[in-house]
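So, here's a batch of structures to check.
The following pair of complexes shares a single chain, subunit A, combined with subunit B in the former and subunit C in the latter.
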Partner chain A sequence: MDTPSGKLVRSHCVGTTAVVYASDYLNKLTGEKIERECRRQLSGGCRALVIDFSDTKLVNSIGISILLGIIDVAEKNGARIAFSEVNNETVQLFEMLGLTRHVVLAKDEREALLNLSHYETTPIVH
Partner chain B sequence: MNSRSPSENFRRILGRVVQQDFVGRAAELDRIMVQAEPANAGRGLLLLMEPSAGVSELLRQAYDRLFNQHTDVIPIYFAITPNETTAVSAAIEFLNTFVQQYIAFRRNEPVVSNAPLTLQDLLELAPPADLEWIEQLIESYNHLRFSNDDKALVRFCLGAPQRIPAGRSRPFVMLDGSQLAEYLNGAVVLGTEIQRVFGRGGFSFVLAGLRRQILEAAHDAGSDFERLDTLRLEQLETTEAASLVEHVARRQHVVTSEIARDLLVQQFAGSPFFIHIFLQAAREKHRSLISYLDCERLYVDELFGGHIHRHFANLLEEISPRLDTRQLLIRLLWEAAAGEDQISSFEVWRKRLHMAASELEEVLHRLHVQEFINWDGATVEAGAGPRAWKDYLKIRYRLDVLNEPRALVVADTLADSLKRAPHTMARHYKQIANAGLRDLISRFNCQRVPAVLFDYQGFSAKYKGAESDTVVSGLAAANESIKLPQTVHLASCAAFFSDMRQLCEEDHCLVAHTFEEGNYSDAQQVIWLAADIESKLEVDVEVARAWCDRLENMAERLGFTRFQIWLISNEGFSEAACRLLEQHKGFGSSRQQLGLLAARVGETVVSEVVQTDHPDEFLMVVPMGEDNELIAANTAEQIAKRLTFRPEAINQIKTAIVEACINASEHSFSPDRKIYQRFRVESDRLVITISSRGIVPANLNGANSGSEAKEAVEERRGWGLKLIRTLMDEVEFERVDDGTSLRMTKYLRPQKSTTGANE
Partner chain C sequence: MEPSTQKLIHTFGALADLGQEIAGTGDFNEMVRTSMHMLLGTLALRRGAVVECTEGGPLRCAALWGLSDHIFEGFEINDAEKQSFLQGEANELLVGSTAVSNSFINRHRDRLTAEGIELVLPMIVRGEVTGLILLGGKASGEEFSGDDFETIRAMVRHIGVGIHTHRLLEQVAQRAEENRRLYDDLRAIYRDTVRAFAAAIDIKDKYTQGHSERVGKYSEIIARELGWSEEEVEGIQIAGYLHDIGKLIVDRDIINAPYNIDAKNSSELNRHPAAGYEILSPINHPYADIPLMAKYHHERLDGRGYPDGLTDEQIPIGAKIVSLADSFDAMTTDRPYRRRRSFEDVVRDLRENSGKQFDGKVVAAFARALLKEVNGDTKERRITKMLGKNYLEGEQVPTLLSDLISDLEEVSRKGAKAQSHS
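Coming up: the complex of A and B.
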C-alpha cells in the first residue's frame, strides 16, 4: 500500500449530497483532509454527506476519531451522513468504537445516495 | 624510520587512561592547550570546577599531550593532595615535582616524571646545559629550608619556574586541587600565595579548583584579573556522559546495558567523578549493571559503605572534624533540606549547632564551597548538592540521629531508589521533548514571521489537512507578519513562581523577558509567558481559560505590566478556546505551527529488517512518525502470509501493529524516537513485540479495567489498546525498565479470546 501523502481528496456533488472519497490509509493526515473537504461542502450548502471507503484498506484510531468529529459537524449542520463500501475489517472497527450508531452504512455509493435521498424527505427523529 | 601512527607513538605519562578513552572534555582540553601557546605567555587560566565535575584527568591528559608535542613548552603538573598537612610541605613537594618534571622533559624521558627521586638524584640527572641553574636552585632551597621563614620558603618553592634562565623553554604549570590549599595548617595561606606568586611569575599557568573558592582566593590575593582567563568546568552533557559510562565500563570490564547507562547518567547528573567511582565499585564487586535493580542495589551499597560513602564521610569530617558537632550538623542539614522552608538565618544555625560564630562561619564556608548549601552571610539555604549527597544525608540521619534499624534503612533506600528511577528517566525525556520550545524562544531575535503561526484558528482554517508544500508556500506568501522580540532572559515559570511546580513540568511553562525591536526601554519590554499544554485533542475552552488565568495571576503577582500569553498544544485549540485567547490577546499555536516557526527562526525514512539468530525471528527498527507504522504493518503482512493467515486476520494484525506504533510514538517521549519490532513465527502463531524507550503512559501500564476502556471510548482517543486487545488473541506487556514492550500474539486458528494484559 502506498503512503497517502501527496494525494488530494476526491469529491463530487449529487444534488445537495456531497460524496467524498477516503484514500487507502485513513490516518490523521488523510482524516483531516476528509474533514476539511466535508466542512467545505457543508458550508457550500450540502445537506448530506457520503464518505466512500472503496479505496480504504487500513484505518487507524486517530482517523476514526476524526470521522467522529465529522459526524458531529454534520449533525450540527443538520446534515445526514453515510459511509459507503466499507470493508468488513473496517466495519468491525467502526462497530467496536461506536461509529455505526451515528452513521448509515451502505453497500456502495449508489445505495448511500438512495438512503440519504430517503432521509431528505423524512424528518429526523432522535 | 618509525612507521607507527601518531597515536601509537603517543606516550602515556601521567594520564590514567589512554588518549582515546578520555571522553567528554575535548573542548576543555583544547582550551588548556591554547593557554600554553606563546600568545598567552604569562597569562593564567582559572578552571572553575563544579563539585564532582572532575578535573585531575583533564590536566594529566594536557600534561601528556604537551610532553608528547615536545615544543618549547615544558608541562608541569602538580596536585595538592589531602596528605599534605602544611603549606610548607606542599610547597616543598611542588619544588620537587617541578625539578623532576623539568628534567624528565629536557631528557625526553617520561619515566623520570614518575620515578621516586630526591633532589640530589635529580641533580645527577640534570642535563649539562641546565646543571648550573638547577644546582643554584637546590642550594638556595637548602639555605632557606632552615631559615625559619616559612613564607619566604613557600614563595621560593612556588616561584621555582621563574628561575628557568631566559631563552630556554617556557614552563606551563598546572596546579590541581587548589581548593585544598586553603585548609593547610601553618601561618601561610598557600592558596593566596599560589595566586600571588603565579600571578606575578611571568609564566603561563592553570589553577583548577572549586568554583566558589578559587575566585574568592584570586580576589584575596589581589590578582590582576586582566591577566587571568577563566574556564568553567561543569558536569558532562548527556551524550558525553553516556560515552564516558561506556568507556569506563569497558575499561573496568563491567557489563552494562543501554538503559542502565542512561539511568546512571541521569542519576549522577553527568558527574564524571560519581560515574567513575560507581563503575569502579561495580568492577570491585563483580557486578553487572543491566537493569535498574542492578544499578540501585549497587548504589545503595555504595551509599552505605562504598566509595560514595567514603567520599561524603571524608568531606563531612573535613567540614566538621568533631564527631558530636558532625551529628548535629547532619541533623540540621537533613531537617532543613527535607522541611518546607529551606532558608534559615545564621543565628538559627548557630543556636542549633551550639557553635561560636567564627567556628560556624568556617563550617558554613566549607559547606558553601562544596555547594551543599547556599550561604550569603546572613541566611543559609539548605537542600542543595547532588542527589547522592541528599540520599547519604538521609541515611546518616536515620541511622545516626533516629537510630533506626540498619536493615530497615537499607530496604527503604533501595525501594525509594527503584521507585525514583523511572521518574528520573521520565523527567529527562520530558526535558528533551520540551527543549524545542525553550530553544525556540531563546532564539527570538527580531525575526519577522507569518502572524498565522501564532493564530491557531487562522492556521487551521487555511492549512488543516494541507500538504506540507502547500503550507510552506502559503506561509511564504503570507501578507501578515509579526516581528518577534529579542529574548534576553529565559527561565521556567517555576523559577519565578514556585506554585507552578504543582501544575506543570519545569520546561512546560516558560517566562521570557524580551524587548521589541531589540530596543531596551520600558515601553518596549514585554514578558512572554509560554505554556505547552499536554493534550491529544484540541484544547477546550475550560483548559485554555485555566491557563490564561494562571498566567495572568502570575504576571500580576510578579509585577509584569506588559506580557504576552502564548499557549501551545499538540493539536491546537477548539474554536471557543481560540475566541477566549483572542479576548486575552493571547497567542495559540499547535505543534505543527511550532515546527514551522522553529524552521523560520533558526534552521528519509530508513528501516532495517534483520533476521536474528533464530531462523523464524525478524527484527525491525523504524523511526517514529512519517506513517512509518505502515512499513511495519506491511512487513507483518508479508510474514503473516507465510503462515497462511486469512486475509481478515492479516488485516487485524496490521491494524494492531499500526495502533501499537502510534501509541509508542504518541506517548513515550522516546529519547531515540525509534520503534523496535520483533516478529516471531511459530508453527501455529505469529508473535509480535513492539517496544520503544521512554515513559510508560498511565493508560498503557497494563491495567485494563472495563471503566477505563469505556472512558477511552468517550474520550475519542486512547482507543489503540482497546483495539489491539480486540484484534489480537493475546496481548501482554512485558516488564522492561525503560519504556514499553507490548507482546501481541495471533493464532492461526482463533483461540478463546484473552483480553487482558497481565491478567
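Coming up: the complex of A and C.
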C-alpha cells in the first residue's frame, strides 16, 4: 500500500495474525494508511493484529485518535491487538492516555505473535 | 519524564497542530475531520462528532469517528436549547448526569447514551451557538477532570471559530462568484448595447452597413496579434464599434452622397471624430481611452490627419489600430462611387502609407494575423470571412503578405538602429 511519501505500508501475515509496520512519524497522513491496511487485514479474515512501532519515533494526537479507531474496529471484529517495539516515551504516552488498557504491549514482533497465538484458535466474531 | 509533563507536551503539540490546521486553506471537510481527530487524540477519546447548526434547527454532521452514520437522523436543536448551552456550566454538559438541566441533552439522552456519547459541548462564536461537539469517554476509563474540561473547551473554541471562519470565507467566495457573474452579465449587456449603437450608426450610412462591427473585429484581431491583454482587446473592440458615433450628428445627405463631396461638406463630415469624442467622454466606460480612440482615428503619422493634426508619437496606439481597421474596411468594401479595391492594390496602399498614414508595426501585426488565416496556421477564419468569398483567392496572397511583413520589419529595424545611433 502507498504512503504519501511513496513508500509502502509494510505488512505480512503469520497464520491469522497480521503484522503492520508503522512509519517513523504516526500522523494523519501515515496513520490513515495504517488504519486502512488494518481494516483490510481484518476484513480479509485476520483474527489478531500486531502493529510494529520499531521505526516510530513520534505519535501525535491524530495518531492516537487513529490508533483508537483501529482498536475500536478490531474489538468490533472480535480481534485482539498487540503493539510491539514501542519506544519508552511512546509507551508512557500510551499508558497515560489509557491505550494500554486495550492492547497487549510486547517487546518485539516475536513476543507479540506469541502473546496472540493462543487467540488464533478462537473463532472470529463478526 | 513526569506523566504530567508528558501530558502537557502532548496537549501543547495538539493545540499547535490544531491552530495550524484551522488557519490552513485546505478542504473544509478535511479540516473539520482532522480537527476532531486532534481533539479526540489529545485526551484519547474513543468516539466523537462535530455537528453544525443549520437554519430551522436541523443539525448537520460535519465529521464523526467511532459512531454509526445514522446517529444524527432527525437530530435538531431549537432556540431555547441553544440558550441553555449559552448559560450552562461545564458539569451541565455531561450526558450521564441526571442533574443536568440542559434541555437538549435531556431530550436526546437515550440516543446519546446508546452511542456512547458522554459529553456535549457547544461551539459558540460571537455569543451564538454555531454547532455542537459530541464526545465519547476516555480510553483510560477515567472520568473527565477539570483540566480535561479546560483543554476540551479551548480546542472546541478553536474548532468553532475555524468552522465559522471557513463558512464565512465560503460565503465571501460565493458572493464574489455571484458578483463576477453579474459583472460578466453587465459587460455582455454593455457590449450588446454598443453593438446596437454600431448598427444604428451604420444604418445612417446605407453604403457602409456592418462597417463599425467589422472595424471593431479587425481592431480586436490586431490588438490580440500585438499581444494586448484580454481586457485591452475588449476595449479596442468597443472603440472600433463606436469610432464613427460622431456621424450621428452629420447630415445624412452628406454621409450618403454618391460622389466626392465638396470642401464645405467635407469639413462637416470631418467633424465626426471630435463629435464622437464629445458624445463618448461623459460615459464611464469599463475600458480606457475609448473617447480618444474615436477622436483620433483619422489622425496620420505625418501630421496631415484631423481633427488635431497630431504626429506619430502623439497618436494613441489604440487610435492607430482603429485607423488601420477603418481604412482597411473602406478599401475592401464597395462604395457608391467605386468598387472595392483588389487585395494586391490594398497591400500596395498599406506598404506605401506605412509610416505616413499608418503605423508600420500595426500594419505588420494585421498582415501577420491575416497570413496565419491564409496559411491555415489558425482554425479561425475571421478576417477572410469578413472579406467574403473569393476575395483572397490566388497564389500570390501569402507572398504579398510575407513580403509586406518583411519590408515593414526591415523598416522597423532600421528605424530602431537609427534611433540608437542618434
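Operating definition for what follows: the second predicted complex is superposed on the first by the 114 of 126 C-alpha atoms of A that agree within 3 Å, B and C clash if a C-alpha of one lies under 4 Å from a C-alpha of the other, contacts with A are read in each partner's own complex, and residues count from 1 in each chain.
The working rule: a contact is a pair of C-beta atoms (placed from the backbone, for glycine too) under 8 Å apart; a residue touches a chain by one contact, two chains touch by 3 or more.
Small disclaimer: the values here were computed from a predicted structure and weren't measured.
S.K.: When the two structures are overlaid on chain A, which partner does A:Glu89 contact: first (subunit B), second (subunit C), both, or neither?
M.R.: A:Glu89 sits against subunit B and subunit C alike.
S.K.: Now for A:Glu35: first (subunit B), second (subunit C), both, or neither, which partner does it touch?
M.R.: first
S.K.: Kindly classify A:Tyr25 by the partners it touches after superposition: subunit B alone (first), subunit C alone (second), both, or neither?
M.R.: first
S.K.: Would you check which partner chain A:Leu99 touches, where first means subunit B only, second means subunit C only, and both and neither mean what they say?
M.R.: second
S.K.: Please name the chain, subunit B or subunit C, that touches the greater number of residues in subunit A.
M.R.: B
S.K.: Touch check for A:Asn60: first (subunit B), second (subunit C), both, or neither?
M.R.: So A:Asn60 meets both subunit B and subunit C here.
S.K.: Could you tell me if A:Leu68 is touching subunit B, subunit C, both of them or neither one (first, second, both, neither)?
M.R.: both
S.K.: Could you pull out which residues of subunit A sit against subunit B in one structure and against subunit C in the other?
M.R.: 60-62, 64-65, 68-69, 89, 93, 96-98
S.K.: Going by the contact rule set out above, which residues of subunit B touch subunit A in the complex?
M.R.: Touch residues, subunit B against subunit A: 464-467, 537, 627, 629-630, 633-634, 648, 651-652, 654-655, 658-659, 662, 713, 716-717, 719-720, 722-723, 726.
S.K.: Which residues of subunit A touch subunit C in the complex?
M.R.: Within the complex, subunit A contacts subunit C at residues 28, 60-66, 68-69, 71-72, 89, 92-93, 96-99, 101-102.
S.K.: Can you tell me which positions in subunit A touch subunit B when the two form their complex?
M.R.: 1, 3-6, 9, 25, 27, 29, 32-37, 57-62, 64-65, 68-69, 87-89, 93, 96-98
S.K.: Show which residues of subunit C lie in contact with subunit A when the two form their complex.
M.R.: Within the complex, subunit C touches subunit A at residues 1, 3, 6-7, 10, 13-14, 17, 34, 37-47, 65-66, 138-142.
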